[in-house]
Each structure stands twice: as structure tokens, then as C-alpha cells.
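Down below are the structures I want you to see.
Common to both upcoming complexes is chain A, partnered first by chain B, then by chain C.
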Partner chain A sequence: MTATIVAQQAINGIVLGSLYVLVALGLTLIYGVLVQINFAHADFVTLGAFAAYFFIHLLGGNYLTSIAVALVVGAILGWAINLTIFAPLRHKGSELLPLIATIGVSTMMQNAMLAWFGPIPYAFETPYSQQVFRVAGMFFTAQSLIIIAVSAATIALLYAFMKFTFLGKALRAVAQDRETAGLMGINPSYLIMLTIVLSSALAGMAGAMLAPVLVLTPFAGTTVIVKAFAIVIIGGFGNVEGTILAGLLVGLIESFTTQYFDPGLIDIFVFALLLLMLAFRPTGLISERREENV
Partner chain B sequence: MSEAAAAAAEYRSSHRRWAFLAAALIIAVLPYVLTGSYWHTNLTVCAINVLLALGLDFILGYAGQLNLGQSAFYGLGAYVSTLLITKFGFPFWGAFVAGVAFAGLSGVFLALFAVRLRGHYLAIASLGFAVIVHQILLNWISLTQGPLGIYAIPPPPAIALPGLPVISFRNPVALFYLIAGFALLVYFLLDQLVRSPIGETLTAIREDEISASSLGINATAWKVFAFGVGAAVGGAAGCFYAPFVGTLVPDAFFITESFTILSMVIVGGMGTLIGPVFGAILLTLLPELLRDIGDLRLVVYGVALTLVVLFMPGGLVQAWKLIRAKITGAPAASP
Partner chain C sequence: MYRRGLLAVLALAGIATFGAGTASAQDKTIKIGGLFPMSGPGAYFGAQDKQGIELALEELNKTGVNGYKFAIQYEDSACSPLPASQAAKRLLDQYKPDVIIGEECSDATLAIMPIVAEAKVPLINAGSSSIRITDPGNPYTFRIMPNEVMQGVDIATQAYNKLNARTAVLLNETTNAGIGNAKVFKETFEKLGGKVVAEIGFGRDVNDFTAIATRVAGAGKVDVIPTYTLEGQGLKITQALSQAGVVKGGGGGAIQLGTIWLPFGFEQKAGKAAEGYVRIVQFDPTDQRDMVKNFVKNFKAKFNADPTHINAHAYDQILLIADAVKRGAKDAQSIRDTLAATKDFKGVTGSVEFDKSNQNIKMDTIHYMETKPDLSWNALKWN
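What follows is the complex of A and B.
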């Protein structure tokens, strides 16, 4: 019995964790090439969720297509924030100004969504949440299978893209040394734009899959993003494998805390872990040699 | 110091004295110019926000530490002082001192955790701290009553000076005078601090920590100090917020409050003291003036913050310098 509960919570944790991984990977990819944080990433998640919701409820689309719609919405938002914030501020060379500017964009988007969509949570139901399979005493919904399948496929594709394609290699080259990569005929501006678009597409897509799990309000993304920040730091900023590991870990912490303690303690546990990591192992779970700009 | 420099310093300090006198005078007449309980409420909110912005500016603008946890210090000041009054029977001013001290010490605690971190790591660590504090306020129901909140928080006790009428802080004008007066005092003290060698030390660390350390400056200690001072000022704002509003709920200290305070500092001009004061006043009153556009008015915080970072990173102070340079025809000093 207990073993079944543990296994069940492990599955719940991995389902949730794989969505956190999608959100956190976006942050970590941007950090990798740009050494910047996009605070509005949270609102790309929220807007992705709303895009999927309206695609289904206003346009009568189906849920699987709505994930693709959310992905496109995320990509467009990413392109826009690069054009308006990151590209113009990159040449000023300030470490904190772009971060502060994206906090501005985030506040702006949240309040605009609050004005348009209102504070009352939207009920996002998919036909797949009701289809339940029972295997060895554990319950799976079709929704959770979709989440795991789509996330795993996306992460695998992304990994293959980074490791094996020319563009992926160029991206890693820019992450390692922007100037030298530029001398090798790689256009850093184009690759930075590509990274932000890709990352934001992941955020939008994650939004469409998180929406049935979360309470869908204009602030939905904020609760996810604070965990995603914790994940990227626990995993080591800019480290893809670490981020995947940390994302699943945080998903598991969440499901087991809900089972054995109190859901109210989730954020406290996650951030206590974050502060401990920062104090004792600031390089993250998987250390990567990375030169600090002294 | 050369004679000219001494004369200039003398001129500036007398200039300052007049400026403080003028500010006190403005605070005194404001509730009689902007009358009615609506305006008195707004004025008091401005005063509280000025305190919050000054506290954050000392950490961000002078010590160069991006602290996204100001909402936590604000909340800790508010809850600690209120709980000491309502549960433990502390007198208001005793609870006030304890609330300020607690907020200041938690700033020191966070800084000790985070001083090794710079830039983005510190931003996220402080944000994490704010999330933890908000969650504790929300979930420690036996102490804070969680989302139900604490009600009927009494105003500060009346002051009875011999020969003068009793000053009751149930009167909103008196409460405004108390909070605005305190904000002016904090401004005065911070102004003294940033113009002292301590201020120069902090600026040196902000500009180039490595060089500052090589001059024998203990950068870590000074950053911890700045965090403590800024957090204590934020805590003081919380101690005043509780009796002013009369109720406390954890969501008043959600992390978005940190972003609002950040907007005030940046829009005003970080690294100056006068900038955040005007930033706080502008961003408090602007949404009120925009009530006609409904909920969309809250978008001004984000719009203002983004536009200022993109086009006028020195904020209102930089804008004012540019305008003054245009008028006098002198070249603009760098912000």
C-alpha cells in the first residue's frame, strides 16, 4: 500500500517536474548565451496557457493543437522581448538593467492580463484529464501521459539539436565565447535571438500543459517561475543536464510534500534548498567549469 | 580642501538646510491643500512608499545589490510589530523598535547568506527569501491567522505633551504627520550617511568591488551593513503600514510588492536619495489619477519601469538634469 502511494507520488512528481523542466530550460538556455534572466518568462507561460484556453473555448480547437498554438505565441513573445529589451540593452553592458527591464515587462503583462482576463481563475479542462488508466494500483490520466510524452520528446529534440546540428553547436560556441564565435563567422545577434525565441516557445508550450494543473489566473506563471528560478540555480545556471535533474527533483519535492506534509510547505522547502545550495554549492548539482567575470 | 571647495561645501550644506526646512513646510501644509479622507489616505500611502523606496535605494543604488526581497522586510516589520502588540501586549513604540530591529537583522541574515553572490544570483536568492517569508506568513496560521489576516490593529497611542492639546493618531492628519515626519528623518539620516566616508566606501564597492577590496575595504561587511540598514527602513514602513490600514494579510507582502518598490526607485533615479522620493510619490499618485481607465491603470508601473530603463536609466533625476541643462544652456552633467 505504502509502496503504491510512493510510486504514485513519484509519477505525479515527475509529471509536474517535467513541466518545470520545460520552463526552467528556457531560462537556463537564455542565461547560457546571454548571461541574462528574462523575468517575463513567467508571463510567457501564463499567456501560453491563456492562448490555449481561448483557442479551445473561443475557436473550438482541440487540446493537442492548442499546445502548438501556445508554442507559437511563446515564440512570438520571445522575438518581441529580444527586439525591444535584450537587443537594445545588450550594448550598454549593464548586468542588471536588462533584468530590471524584464521585471517591468512582466509587471506590465500581468496587470494587462488582470485587466482583460480578470482575477477569477479559469477552469481549463481537457478531455484527457477524465481518461484514467489503472496500472498496478496506480492511476494515470491520459493528460499526464501526454505531458510526459510531449516533454520528453521536446527535451530529447532540444538535446539532439544542441549536440548534433550546426546551429546547436554554434549556439554552444556563442555561449562559451561570444567574440571568438563571432570571428568564426557566427552571427551572435541572430543566435541570441534564436535562443530567446526557442526558450520562450518552450515556456508557452509548458503553459498550455500546466494550465489544467494550475489555477489559471494572470499570476499563474509567477508561481511557476519562482520554482523555475530555484531549479536553474539548484541545477547550476546554464547547465542543461543539471536543470533537467533539478526540475524533476523539485517536482518530486512538491508531490511528496503534498502527500506527507502540507502543500503550504512546498515553496518553503524548495527555497530552503535553494538557499542551502547557494550557501554551500553555488555551482549547482552538476558542476561545470565556468569562468566568472571577475 | 581648497577654499573654493570649502565655500562650495558650505553653500551646499546651507542649501540643504533650507531644502529640509522647505520639505518640512510642504509636509505641514499638504493635508490642508489636499483635503478630505481620500487625499489624506493617498498622502500617507505616499509617505510609506517613500520609506520603502529609500530603504531599497540604499541597498540597490548605493551598495549596488539588486535586492528583490524588500517586500519581505516590509512584511516582517508589519507582522512582528503587530503580533507583539496584539498577542504580547507590547506598547506601540516598543513593538516598533522590535519590528525594525527584526527586519534589519533578517536583512543581515539574508546578506550573510548571499554576499558571496553577485548580480543575478543575489536577485534570485533575495526573491527566494521573499517567497519563503510570504509562505510562512500564509501558512503559520496559529500565529498569523494566515489568509484570514489580523484585524482591528490599533493606531499608535496618543501623545499628550504638557500645555498642548492631546495628539491622537486616530486623526488621519496626525498619522500622516507622524509617518511623513519619520520619512523625513530617515531621509536626513541617510543623506548624512551617504555623504560620509561610509557612503563613499559603498559607492567604491558598487563601482568596482575588486579594486575596493585591494584598498583594504572589507566589501562583505559593508554590503551586509547596507542590507541591514535598507531592510530596517523597509521594516519601519511595515510598522507604520499595519496601524494605518488596520488589517494585515500576507498577500500585501507578495513578491510583486518588491517589484513595485523597485519601479519607484528606478523611475526616480537609483543612487540618489531625492529620486526615489519622487519616484514613490509619482507611482503612488499616477494610478490614482488614471482611475478612469480602470484596472489597466496598474500597467503604469511596468510601462514606467521598462521605458525608464530603456531610455532614461537615471530616472526622474536624469530627466530633471537634462531639462535644467536645456534651460540654462549649460552642458548636462552626467547622471
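What follows is the complex of A and C.
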């Protein structure tokens, strides 16, 4: 019985951690390239969740396609907000202005969604949440398998993009030294836009993946974003591999704290880990020089 | 162009302010302050409260009561102590209401009570169950629904006697109301001879309840699972317990027990997982009294939806104020005094008679409903 419970909670932790990784990856990407925190990231996640919801309920689409729809909606929104808000502010020469603007965008998006979608929680059901498999005293849903598969595929694709494509290499060059990259013929503005679009697309997709788990309201994303920030810090600011490891670790801490202690202690344990990391290993779980993180 | 737009906005704002000033200057208006969550996880309360209030005001203002009309101004109290305190101060300073209704969440209500009492304005509450609201309470706070002790003692007793439950796992959000409700259930259930095998509290930021459901599944034989949480988390808990095969909806044997926190329509959102769920509802839409039938009919006509207990509670709060005005109340102090003397008010949720601590002592607002396989309700007629 004990071994079964441990295995079950490990599965629970990995599924939850995979969701956290999806949310945190976008944050880490922006930090890695722009050295900027995006406070509106949670709201991109929420919007992705609503995009998936309405694609299914208004247009009759299926859940798997809705994940792609949420990704595209996130990407388009990221592009539009960068074009109209972030880029003009960045051109004014201050790094602080776009950072403050992300707070404004966040408040604006939350209230716009509250006006459009209302405050009453939406029930986001997928046929995969209802499909429960019971094996050797354990249970898992088809939805959890989709979460793990999509997270793994996303991580692999992102990794391949960064390591093997010209754009990925250019992004890393901008992360290392924006000015020198510009002198080498790389257009930093274009690559910053690409980073924001990629990050927003990841957030949108994470929203669709989280929607069946989240209490879907206009404030849904805010309930996971604090942990996502913690994961980015524990993983090592802007470090993709560290973020993945930290996300899974936080998921496991959450499920085992629930089993053996009390869910009320989850945040204490997670943030104690964060403080320990800052004190004893500020470079994060996987130490690399920051400019090589992305 | 922009300047012209700005001037237009300022002009409109000026007209709006002037309009509001004119309205508030009318002598025979009872000014009601509404403190409800309009944002955050409890925002669904505020949205539904407003509907019930709008309907009641529309009906009352057709003729007025004793020559008085009723007006309301809302502030977002966000189901949380700090924003609720700030909202209460804003409302009292700027609107100067004769009476305030709200909040829904106990923590927020407890925070605004001393502020409202200091201003000597009566506060009518219909959604907060914490015992501390009326015990000791204060002379200005009135609660029209049963408190956590009245509800908790009753539900634990019914679980033990009617469901033959002997073991329980308590699931509650870690708020005043969540902790208080769980505590009363535990004390009553254990006094009767039952055993609480696990008490699991969680914050409002928890989304994934699979780990909690796993823990419940591993806790051995569990007969009932009293659950104290808002609708959003309530849905996720019910579904996770079903996936873990704990509750009847997932093929298990445990029965989830719920409170009035969940609105009408919860079962339809939760789906098959809700089968067998037993919960208290404080508004029975099938009640055959004329006033209930009219309320349901008029609500459907106005909002194209069935009323929830939240709509009904808000409607009753306004009707109770109107009843006090009918009995001669005309300002904050006389409304307080008249409310305190209420003996036989009949609302759509049930009756109201306040005791010395301004707690409604009537229990005819408690109805137990069991969710059938087709997700409709089976009235258990336990009270």
C-alpha cells in the first residue's frame, strides 16, 4: 500500500510538475534573452485557457486542436503587445519601462477578461479527464498522459530549436550580448519580438493544458504564476534545463507534502527551497553562465 | 483630437457625478451599500448577488415602501479582509449608506464588522458562516442564514444518523469559515461516536487536487467527506475524488457532504463525479409558496436563468430592509432597531427571527439534496 501511494504521488507530482514547466518555460525564455520579468505571463496563460475553452464550446473543436489554437492565440497576442507596447517603450532606452508595462498589461488583461468572460468559474472538461486507467492500485487519466507527452514534445522541440536552428543560435547570441549580435548582422529587435512571441505561445499552450486542472476564471493564471517564478529562480534564472528540473521538483514537493504533511505547508517548503537556493546556490540547480542559459 | 476626446470624457464624468448627486439628494431614498466580491475567486458571489438585488429593487421601486425608494451602490470587497475593509471605508465615507449588505466570505465580513459598527450603520449578512460573526458579534451585524455551528451540528448529526456514517475525512479551505465549519463537524461527529481519519486543509491557490484525492484514497474506509470550499475548487475536488475512485461518482463508497457555499448548477458542471453528493441548499426552487414561485418566474424572465441560493439570499436581504422600512424604519439607527425586533419575516429562502446576537434562529432554510445519476436533486426531507 505504501509503495503504491508513493508511486501514485510520484506520478501526480510529475504530471503537475510538467504543467509548471510549461508555464515557467516562457518566463525563463524572456528572462534569458531580455533579462526581463514578464508580470503578464499569467494572463497569457489564462487567455490561452479561455481560447481553448471557447474553441471547443463555441466552435465545436476538439481538445487536442484547441491546444494548437491556444498556442496561436498566445503567439498573436504576444506579437501585438510587443508591437504596440513593449517595442516602443524599449526604444525609449529604458529597461524599466517595458517591465512596468507588463504590470499594466496584466491588470488590463485581467479586467478585460473579467468583463468578457465574467467571474463565474467555467467547467473545462475534456473527454480525456474522464478516461481513468487503474493499474496495480494506481490511477491516472488520459489527460495526464497528454500533459506529459505534450510537455516532453515541447521541451524537445524548444531544445532542438535553440541548439540546431539559425534563429535559435541567433537568439542565444542576443542573450549573450545584444550589441555585438547586432554588429554581426543579427537584428536584435526582431529576435526580441521572436522571444516574446515564443514565450506567449508557450503560455497560451500551457493555458490549454492547465485549463482542465485550473479553476477557470479570469484570474486562473495568477494561481500558478508565483510557483512558476519560484521554479525559474530555483532552476537558475533563464536556464531551460534548470527550469525543467525545478518544475518537476516542485511538482513532487507538492504531491509528497500533501501526502505526508499538509497541503498548507507546500508554499513554505517550495519557498524555503527558493531561499536556500538563493543563499547557497544562486546560479540555480544547473549552474551555467547566464549568457549561455537560453 | 485626443484633447477633444478627453474633454468629452470629462464632460460625461461631470454629468454622471451631477446625476449621482441629484439622485442622492432625494429625501425619501434608503441608501443601501453593497459589499460583495467582484474580483478574485469569490467573484461569482458578487455577480449573482447583484442579480438578486437588481430584481428586488426593480420590484420594490415600482411603488416604493412607505414613500421610500431604494438605491444601492456597490464596492468590490474581493472576499478578502484588506480589500473589504478599504471598500467599507470608501462606501461609508463617500456614499453614506443607511444600511449595508454583504460580504459573502467570513474573513471579509469579520474585517468590515467593526468598521461598519463604528459608523453605527447596520450590516446584513447572508453568506458568511463563521460563528464569530454573531458570537459575540456586535449590535449592528445581522445574519439571516444559519451559522457554522447550526449547519455543522446538523450535517454531522444527519451524516451519523441518516447515512450511518462512522468514518470521515475533512476537506476544507484554510479560512475562518473553512476551519470553523470543519471543527464543528469534527466535534459533533466524534461526540456521536464517529471517527475523523484525516483533516486536510488547503489554500485557495491549490488547483490540482489529485494529490489530496490520493491521500484520501489511501486513508482506508471512509464513509463521508465533508467539504468546505468555494465552487471552483469544489469542482476540482469532486472530480479528483471521482478519478481516485473514492466517491460514488467514481465507483467508490464514500459520500461527499457539502454546504451552502456551492451554487445551484454545481452538479451540472461537475458531471458524473457529483453523483451521490449530499449537500445543504438554502434555497429550494421547487418550494410551492407563491412568493418563491413568483421569484423564480420573475428571475427567469429577467435573467433567462434559474435562480441560485446566492441570488435568493441577496433578494431576501433587500426584502428584509424593505420590511424594516414598512415597519417604520427610515435611517441607519431605526433600521438597526427594527431589524433587531424581526420575528416573522418570510423570504424566498425561509424565515427570519433574530436572537439577542442578531443571528437568525430559524432552521427552515436548510434543505438536504442528494445528486441523482441524472444530476438532478433528490430532496432528502431530513429537516
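In this text, the second predicted complex is superposed on the first by the 283 of 294 C-alpha atoms of A that agree within 3 Å, B and C clash if a C-alpha of one lies under 4 Å from a C-alpha of the other, contacts with A are read in each partner's own complex, and residues count from 1 in each chain.
Basically, a contact is a pair of C-beta atoms (placed from the backbone, for glycine too) under 8 Å apart; a residue touches a chain by one contact, two chains touch by 3 or more.
Since the structure is predicted, the reported quantities are computational estimates derived from the model, not experimental observations.
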Using the superposition on chain A, tell me whether chain B and chain C clash or fit.
clash
Does chain B (first) or chain C (second) touch A:38, or do both, or does neither?
neither
Could you say whether A:275 touches chain B, chain C, both of them, or neither, answering first, second, both or neither?
first
So, A:28: does it touch chain B (first), chain C (second), both, or neither?
neither
Could you say whether A:262 touches chain B, chain C, both of them, or neither, answering first, second, both or neither?
both
Could you say whether A:215 touches chain B, chain C, both of them, or neither, answering first, second, both or neither?
second
Have a look at where A:82 lands relative to chain B and chain C in the superposition and call it first, second, both or neither.
neither
Using the superposition on chain A described above, determine whether A:13 touches chain B (first), chain C (second), both, or neither.
second
When the two structures are overlaid on chain A, which partner does A:199 contact: first (chain B), second (chain C), both, or neither?
neither
When the two structures are overlaid on chain A, which partner does A:224 contact: first (chain B), second (chain C), both, or neither?
second
From the options 56-64, 92-100, 182-190 or 362-370, pick the one stretch of chain C whose C-alpha atoms clash with chain B.
92-100
After overlaying the two complexes on chain A, where does the chain B footprint on chain A coincide with the chain C footprint?
114, 219, 226, 262, 264, 267
Using the touch definition from the top, list the residues of chain A that touch chain C in their complex.
1, 4-5, 8-9, 12-13, 15-16, 19, 114, 118-121, 123, 125, 129-130, 132, 134, 139, 141, 210, 213-217, 219, 223-224, 226, 254-255, 258-259, 262-264, 266-267
Report the residues of chain A in contact with chain B in the complex, numbered from low to high.
31, 35-37, 84-85, 88-89, 92, 94-97, 99-101, 103-112, 114-115, 219, 222, 226, 229-230, 233, 237, 262, 264-265, 267-268, 271-272, 274-275, 278-279, 282, 294
Mind pulling up the chain C residues that touch chain A in the complex?
38-41, 43-44, 46-48, 174, 200-208, 210-212, 214-215, 218, 231-233, 235-236, 239, 243-245, 250, 269-272
Give every residue of chain B touching chain A within the complex, in rising order.
66, 113-114, 116-117, 119-121, 123-125, 127-129, 131-132, 135-136, 138-139, 210, 255-256, 259-260, 262-263, 266, 294-296, 298-299, 301-307, 309-310, 313
